[in-house]
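Let me begin by presenting the structure, written as structure tokens, before commenting on it.
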Amino acid sequence: MTLKSVLTGAISVAAIAISVPASAETQLNVISGGSQNMVEYVTDYLGPLFEEKYPGVKVRVTGTGPGDAGSQKILEKLEAQAASGKEQWDIDVIVAAQKKTGQMKEMGLLAEYRDNITTGKMVTRSTAENALGVYVGGYVMPMFHSQTAIAYNPALVPNPPETYDELREWVKKYPKQFGYNGIKNGMSGVAFVTGWMYTYAGDKENLQKGPYDPKKKESWDQAYTDLKAFNKNITFTPGNAGTLDMLNRGEIVMGPVWVDMFYSWQADGRIPPNLKLKLIGPGMPGQPYYYATPAKAANKELAEKFIELATSPEVQAEGIVNRFNWYPGIDAEHVKAKLDQKIWNKLFTDVTPLELAEKGQPFPIGPYFDDIKEGYEKQVAN
Amino acid sequence: MSGHSMSVGPGRMGAIMLVAPALLMIGFLFLYPFGYSVISAFTDNGEGSWHLSNFVKAVEFYSKDILFTIAIVTIATALIGILAVAIAGYLTLGENKIAITVLKWLYRWPLFIPFIVSAQLMRTFLAKNGMMNNLLTSSGIIELLAAQSYLDWRGIVITFVWKQTPFVALLVAGAMASIDRTTIDAGRIFGASRLRILIELVVPQIATTLMVGLILSYVVMLSVLSVPLMINAQSPTMLTVDMAWRINSYGDYGVANALGIMSYLFTGVVAWFYLRQSLKDKRA
Amino acid sequence: MVQAVLSHSLSRALLRTLAIGMLAFAIFGPITNMLLWAVAEVWYFPHKLLLEYGFVFWERVFRPEGNATEALFSSVWIAVLTVVVSLAIAIPAGYALARGKMPFRYLVMLLFLLPQAFPAVAVHMNVARTFYGLDLNGSVAGVVLVHASQGLVFAVWIATAAFAAVDGELEAAARNMGAGRWRTFVDVTLPLALPGIMASAIFVFLISMDEFTGTYFVGAPEVVTLPMLLFTSSMEGNYQIASISSLILLVPSVGFMLVIERFLKADVLANVGN
């Protein structure tokens, strides 16, 4: 192989690479900042359903990974296109977590569309208008609601703690048997810490609804000191998946998890079938995942049709509730009517609707949320 | 360049022309976008003027992690160097044909496992009730109660060493295979032990390659996110985790880029020093 | 006396076997874990071994909607192109850096290190912005260029080391015998440096096979590679899918290395006679 042959090879090969033909049919690009099962939901269920209704359209879904990190990558891709002055963007539908969707809306990266679709009126929950203090009314439709709860092994913990107070006592009795993932890798740990602050920092209302007071964080010292003491008796796990991992191997017997993730792990045989969930009081946070469409989506109308289908009562019933065991995004009354009572009740095996209504909390508004996390970094992790 | 009158290498202009395509590529595709990052480190979160507050905050919040990162990467690099020389040395100087064949077949596998998968494998392998402890307790090598989790700094070091040793060993073995064997044979004739031959005769001849391999490993380990993220993202943790955290959680590019610049400076100093040394030796 | 020698060599053999055994455990322990997860259907505590095994997850990976086959082919294709592009620009650069009168050469070499040394999380958005500006997004060419700029440091540095290790006397001798610069390079310098350069080809190939963030920012949604699929399942802890994907990735990587080695042996041997 001579240098010349390498060079000529490179040039001819590069020429082929550039001339890869574009396909003839319209491609609807969906990008999902969610977990694997959320990507598969579109790949295997929603995409084919949409293609059936709109022949000539191909749905292509890309996953960017779970949590804020995955949604941040969507935000960055949109921001890059905006900054380079592109007139048509290469993403049509996005699925993203709450806080980042709010940011995208604030940055002008999203289009208003909810009034254009018929299902727009089927959502009355406050999270459809308010994403952690950012008004997103008109820009988003919830795909499903996700909730954190404590997973435990009932064979080893017959009477799990009911509240944060009881949990504190419990870890003193059984040190290192409770585990969570801190705050830097995965939102289940962040949610656990947020629940702690709701319980011990006081004035939950203000944290969730504002108005923001930058002085407030100065009154949280005791809550952090207690959390630091609490952390001495627990096991740190490596990430959302890491918590489930350690539950699987019996290294911990309790830990905070996302309810949807918990069920999909159980379905895949990666955690024992007898594990159960407990939503402890006074409450732990959850969040919706949103459907939205970018401000300069190439296929704006198709994107709206896609979201309309995705948030229709039939799809929410069959796809979200029946197949995946997720809490529906649109109002329950529309979905419940489409389902067998038995299937509906499956959603509430471990956590009753009443508990969910009482103890399912939103995350705090953006600036408080940042204060809570930075406070943890400074006063607990150090 | 040897002391001969006729120069064999290209002159100044020729050299620049030959390097130009590579430089242009890096310049356009990386340095130009990187410029935005540098600017962001000095300007974000301020009043629009240049300031150092991002660096101050980075040190204030993450000084522990900075030290932790340097320690982890330095330990891992040292271990990788020792193991790689040992493996490559045995391949070059070993006398047992079977052992050489087995070793040659064996050592390269981790090279082909992506970082993110290595991290995931180690997370389930090194855990308290993970596969390693299961195997060790079942075979009676350790007591059940003595089993402990390695998912802390040790887990990160083990994963790095596991993944990067084959890389350096492969490079070093290649270099050792092409060195002049007469000196080795001479050493043998004079009855020097193989270890002495390795350290005193072989390693000096492949020092450049070893250094290049180690610096590249060092750099890769500094910038890999998945390993510390999946094995130990607690406090202290590595700087990449903190950078990702600043961006993903706070949208704070200023501090993230300040951390990145600091991490690059550590590498830059080390790399510059070794480059100077090793290339100078060759030219003398 | 004979006995002493015998027991000495016996204990050596024992030691050797032990050392290799330990190495095998260290290397294959984690990999066995991956092989088990690839066929695990149900596996949870306190069971030390799989409860149920089978190929259900393989079917899931290779279902037509999953795009795994397409992603695998584009991964390999992109990796091969990346190697070609990287070597094509790294060989002249490495030669000039090792042999030429390159001004500021340490600084230049450090520049190549930058894409690997600066943690990429903070730069990717700006890289994406640049690529959108150049209209390279969504194309294989764009992804190849991103991978090549990541892998270039390996190609350039290793090529530089390889050229630097070539004995200058040999080149001088060729020049003295009347060979031109180009002939000296092609017939003497390059063949001697080739083993090192080819090793760098393997690493560039592997870097391309490992990369997913740059691919996402520059290639997605048009270009999908296997590591991108792997990333979501890995971060999420879907061990079955992740293990299967990385097993699939193993095949082209090992294959590429074997090809390079075969080619290398033949080539080096062929040059011995010249």
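Each chain carries a letter (A, B and C) given by its place in the written order, and its residues are counted from 1.
Assume a contact is a pair of C-beta atoms (placed from the backbone, for glycine too) under 8 Å apart; a residue touches a chain by one contact, two chains touch by 3 or more.
As the structure is a prediction and not an experimental result, all values here were calculated from the model.
Student: Chains in contact with chain B and with chain C: which ones?
Tutor: Looking at chain C and chain B together, the chains touching each of them are A.
Student: Count the touching C-beta pairs: is A-C or A-B ahead?
Tutor: A-C
Student: Quick check: how many Å separate the C-alpha centres of chain B and chain C?
Tutor: Result: the chain centres lie 14 Å from each other.
Student: Could you state the distance in Å from the CA-based centre of chain A to that of chain B?
Tutor: Each chain's C-alpha centroid was found; their separation is 35 Å.
Student: What residues in chain A touch two or more of the other chains?
Tutor: Touching at least two other chains: 239, 242, 245, 249-250.
Student: Touching two or more other chains, which residues of chain C qualify?
Tutor: In chain C, residues 45, 92, 126, 129-130, 231, 235, 237, 239 touch at least two other chains, as defined above.
Student: Among the residues of chain B, which ones contact at least 2 other chains?
Tutor: Expected reply: 124, 129, 230, 244, 247.
Student: Per the contact definition, I'd like the list of chain A residues that touch chain B in the complex.
Tutor: Per the stated touch rule, the residues are 67-69, 72, 103, 181-185, 236, 238-239, 242, 245-246, 249-251, 370, 373-374, 377-378, 381-382.
Student: Under the touch definition given earlier, write down the residues of chain B that touch chain A in their complex.
Tutor: Touch list, chain B to chain A: 61, 64, 123-124, 127-130, 149, 151, 229-235, 237, 241-242, 244-245, 247-251.
Student: Going by the contact rule set out above, which residues of chain C touch chain B in the complex?
Tutor: Touch list, chain C to chain B: 13, 16, 20, 23-24, 26-34, 37, 45, 48, 89-90, 92-93, 95-103, 105-106, 108-123, 126-127, 129-131, 134, 145-146, 148-149, 152-154, 156-158, 160-161, 164-165, 168-169, 171-172, 175-176, 181, 184, 189, 192, 195-196, 199, 202-203, 206, 209-210, 212, 227, 230-231, 234-235, 237, 239, 242-243, 246, 249-250, 253-254, 257.
Student: Name, in rising order, each residue of chain B that touches chain C in their complex.
Tutor: Chain B reaches chain C through residues 1-2, 4, 6, 8-12, 14-19, 21-23, 25-26, 28-34, 36-37, 40, 96, 99, 102-103, 106-118, 120-122, 124-125, 129, 131-132, 134-135, 138, 162, 167, 170-171, 174-175, 177-178, 208-209, 212, 215-216, 219-220, 222-223, 225-226, 230, 239-240, 243-244, 247, 253, 256-257, 259-261, 263-264, 267-268, 271-272, 275-276, 279, 282.
Student: Could you please specify the touching residues of chain A with respect to chain C in the complex?
Tutor: Its residues touching chain C are 1-3, 6-7, 9-10, 13-14, 17-18, 20, 27, 29, 31, 35-36, 39, 43-44, 47-48, 60, 62-66, 73, 76-77, 79-81, 83-86, 90-91, 239-242, 244-245, 247-250, 261, 265, 268-272.
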